[in-house]
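Below you'll find a set of structures to go through.
Both complexes below contain subunit A, partnered by subunit B and then by subunit C.
Coming up: the complex of A and B.
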């Protein structure tokens, strides 16, 4: 579905990603693992157009995503749940969700989509008029995921959805991710919590200093001594 | 002191204040989205005055049509200014102040351009409505009542636009988190251009209403810009509610102040209030909350 071919990405003068290639197959769950600062979020930010690669290509089918206007990427079916959730903190929960349906065609059906999100997260319906910035971390993550789902994505990219959340909430969020995948949404998951990510993913990449250090099927990686030591703490 | 005089001055103050609010909300909108001040905002106002003069007085169009065309033109001027000047200076690390300085340049350029084009002679636009109303011993020209009505309608429309329209919501989203706006499909570059255009419209609306009272000339925007700057700082940068309340409040205080001080002390009143507010609440009255 989506392939990244030998991209170099810079923050100003500093090169963060070095000749990185990954392949995300339709309908699968792919995990991007690695320690803090390995460049995981940078990869997602490049895929969603916030950053541009200096070299290499991002291809969706045969279309170059790294050459089109960044704001049109979501209309190609790629939705991004960013690190730190990045809600519009002074807008209401409902306004935040509606922004996910900004594209003209989606905007016309925003009420129906909203109902779908409220069915998924009844909690958000209770809080719909509340300012997003005043929600708890778990609720904010629900809004972030809900907002991304409002665009009816084919592929959902999640950046550390477990960060700072209680274990119980993390569990329910990962259950939700699995359900969404079963419904046919391709998942690209960035996680520091390698164990939980490997459990739900089909294929994984391990990033180190902006390069792929290791890749493989999740079950194989789980047995890999290196991964065990470096990320699972076993 | 006679109560009717005080009442008269309060009403006059509300009317002048509504124009301050109109001007200030345009500045506030730009600060909210782009985190820069626009020192050429007074020149949008000035161009609005000249367009109105040309279309209404010279071409003889009726005020509504002349006003509508002026608004359209100045909207385009605002959009072009953002695209040609601000666009290139935003987001450069270490260049944070450069858009602001560039707006100074645009201000000087536009003043001199209009001086070249239209000369230094002051031009007058007749009142759109003649006559005056009297009630409770207070006299109020219909034109001033019209100013208040237009200002309230324009500000209310702006508020409703920001609150409920697809575009207005996108504009607020852009101001709160640009990257998040981008990944939701909002073209923030376009948003910035349109924000400048809308801001220019607000200044033009003020110009259309005030030009018959003051005269049209290349420097007419300067003093009002200074007031509008004081208003947005008092109200809290980026806060639309703050701009409205501080605008009207300042208008009333100036109006009443004239009863106690000579009129040339008007600016002293405005800037004294500014200093006191900065002293007590450095972020302005509504400074913590963005619209």
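Coming up: the complex of A and C.
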């Protein structure tokens, strides 16, 4: 569905990603693992158009994603749940969700999509008029995911959805991610919590200093002694 | 998501606090309607004048609030649009005999164009201090131009004998009929409130608020930052220009310092912050408190400015969200 071919990404003068290629198959869950500063978030930011690769290509089917306006990428069926959620904290839950359908092509369907999100998260319906910044961490993550789902994406990219959440809530967020995957949404997951990410993913890449250090089916990686030492802390 | 729902069940931190009858928004709206419409019929010319000035400042603060309160762009050159509206409309009526009614629109229009001009360099800036300096500098330039184009504006001598609004039938708007002028600015203010409510509740309002919260997140969701900022500067400058034009034909005398002084900007800022940034009714209530407060404390001489300062500090410490949100929690 989405293939990244030998991209180089820079922050100013500093090269963060070196000739990275990944392949995400339709309907699968792919995990991008690695320690702090490995370049995981940078990859997601490049896929959603916030950053541009200096070299290489990002292909969705036959479309070059790295050549179109960042604001229209969301209409191609790719939605991004950014790290740290990035909610509009002084706007209501409902306003936050509607922002997910702000792009012109999505605006017309916002009411139906809102209903879909409320069916998925009844809790958000209860709190629809509350300011997003006053919600608990778990609820804020629901709003962030809900906002991304407002564009009815074919592929959902999640950046550290477990960040700063209680273990129990992390568990339910990952259950939700699996449910979404079963509904047919392709998932690209960035996580530091390798254990849980490997559990739910089909295929994984381990990033190190902006390069792929290791890749493979999740169950194989799980057994790989190298992963255990480096990222699972076992 | 069942588990999340369960784990949070114990946390009902948002049970509404008890609300007293005087805090309901119905009371707020009906009381303000009575005060604004009926009371002015029974007051003297002096009070009527103060009320009119209060509403002019309310309109001005409402327009600044669009940029600062809703979009989070702290422009400190808003008084320039007020002054431009005032001078354009006054000069058109003096030099070309244009009806002040058209002046109201053209004054607003020219202010809107200058709003677009000043927003162009602002578009590239994200840090508040630079935006503040840039906009403040722009307003100073406008003031210097107006005071130095002596041939056109008579400089610091000012313009006098500006025509009042032409009568509509038997309703005239000269200084002998202040009540009519009052109702005119009240109507303008209601229209402005209506327009702002309309904008804020629509997609544009959503875009502006999201820009205030996080420009990056807004952009990644498809908000066009440039267009939204241009739009909000244009609209708010237009409203400020209309307020300026009304002021010119109401007071009928203009000097650069009376409409382009930086103290006007301070007044706008204080009114909006005291009333409530990012609210509809905040700037109106703030205007009543600040403009009327300063007027009725006149007997204290310059000491009143001290009280003004103390009130401002107290408001910022104890109700940073403004008076309107403190007293009427549900007010917009």
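We adopt the following convention: the second predicted complex is superposed on the first by the 233 of 234 C-alpha atoms of A that agree within 3 Å, B and C clash if a C-alpha of one lies under 4 Å from a C-alpha of the other, contacts with A are read in each partner's own complex, and residues count from 1 in each chain.
By our rule, a residue touches a chain if its C-beta (ideal position, glycine included) is under 8 Å from a C-beta of that chain, and two chains touch if they have at least 3 such contacts.
Note that this is a predicted model, so its numbers are computed, not measured.
Colleague: Using the overlay on subunit A, decide if subunit B and subunit C clash or can fit next to each other.
Modeller: Result for subunit B and subunit C: clash.
Colleague: Which chain, subunit B or subunit C, ends up touching more residues of subunit A in the combined arrangement?
Modeller: The partner making contact with more of subunit A's residues is C.
Colleague: Which partner chains sit in contact with A:70 here, subunit B, subunit C, both or neither? Use first/second/both/neither.
Modeller: After superposing on A, A:70 lies in contact with both subunit B and subunit C.
Colleague: After lining up the shared chain so the two structures overlap, which partner does A:120 touch, if you call subunit B first and subunit C second: first, second, both or neither?
Modeller: second
Colleague: Is A:100 contacted by the first partner subunit B, the second partner subunit C, both or neither?
Modeller: It touches subunit B and subunit C both.
Colleague: May I ask you to decide whether A:142 touches subunit B, subunit C, both, or neither, giving the answer as first, second, both or neither?
Modeller: Only subunit C is touched by A:142; subunit B is not.
Colleague: Tell me which partner A:12 touches in the superposition: subunit B (first), subunit C (second), both or neither.
Modeller: first
Colleague: Thinking of the overlay built on chain A, is A:134 touched by subunit B (first), by subunit C (second), by both, or by neither?
Modeller: Touch partner of A:134: subunit C, not subunit B.
Colleague: Taking the two structures together, which residues of subunit A meet both subunit B and subunit C?
Modeller: 48-50, 70-72, 74-75, 80, 82, 86-91, 95, 98-100, 102-103, 107, 147
Colleague: Help me check something: in the complex, which residues belonging to subunit B touch subunit A?
Modeller: 93, 166, 169-170, 172-173, 176-177, 179-188, 289-290
Colleague: Which residues of subunit C touch subunit A in their complex?
Modeller: It comes out as residues 1-5, 7-8, 11, 14, 203, 206-207, 209-210, 212-214, 216-224, 278.
Colleague: In their complex, what parts of subunit A are in touch with subunit B?
Modeller: Result: residues 12, 45, 48-50, 69-75, 79-80, 82, 86-91, 95, 98-100, 102-103, 107, 147, 151 of subunit A touch subunit B.
Colleague: Show which residues of subunit A lie in contact with subunit C when the two form their complex.
Modeller: That would be residues 48-50, 70-72, 74-75, 80, 82, 86-91, 95, 98-100, 102-104, 106-107, 120-123, 127, 130, 134, 136, 138-139, 142, 147, 166, 168-169, 171-173, 175-176 of subunit A.
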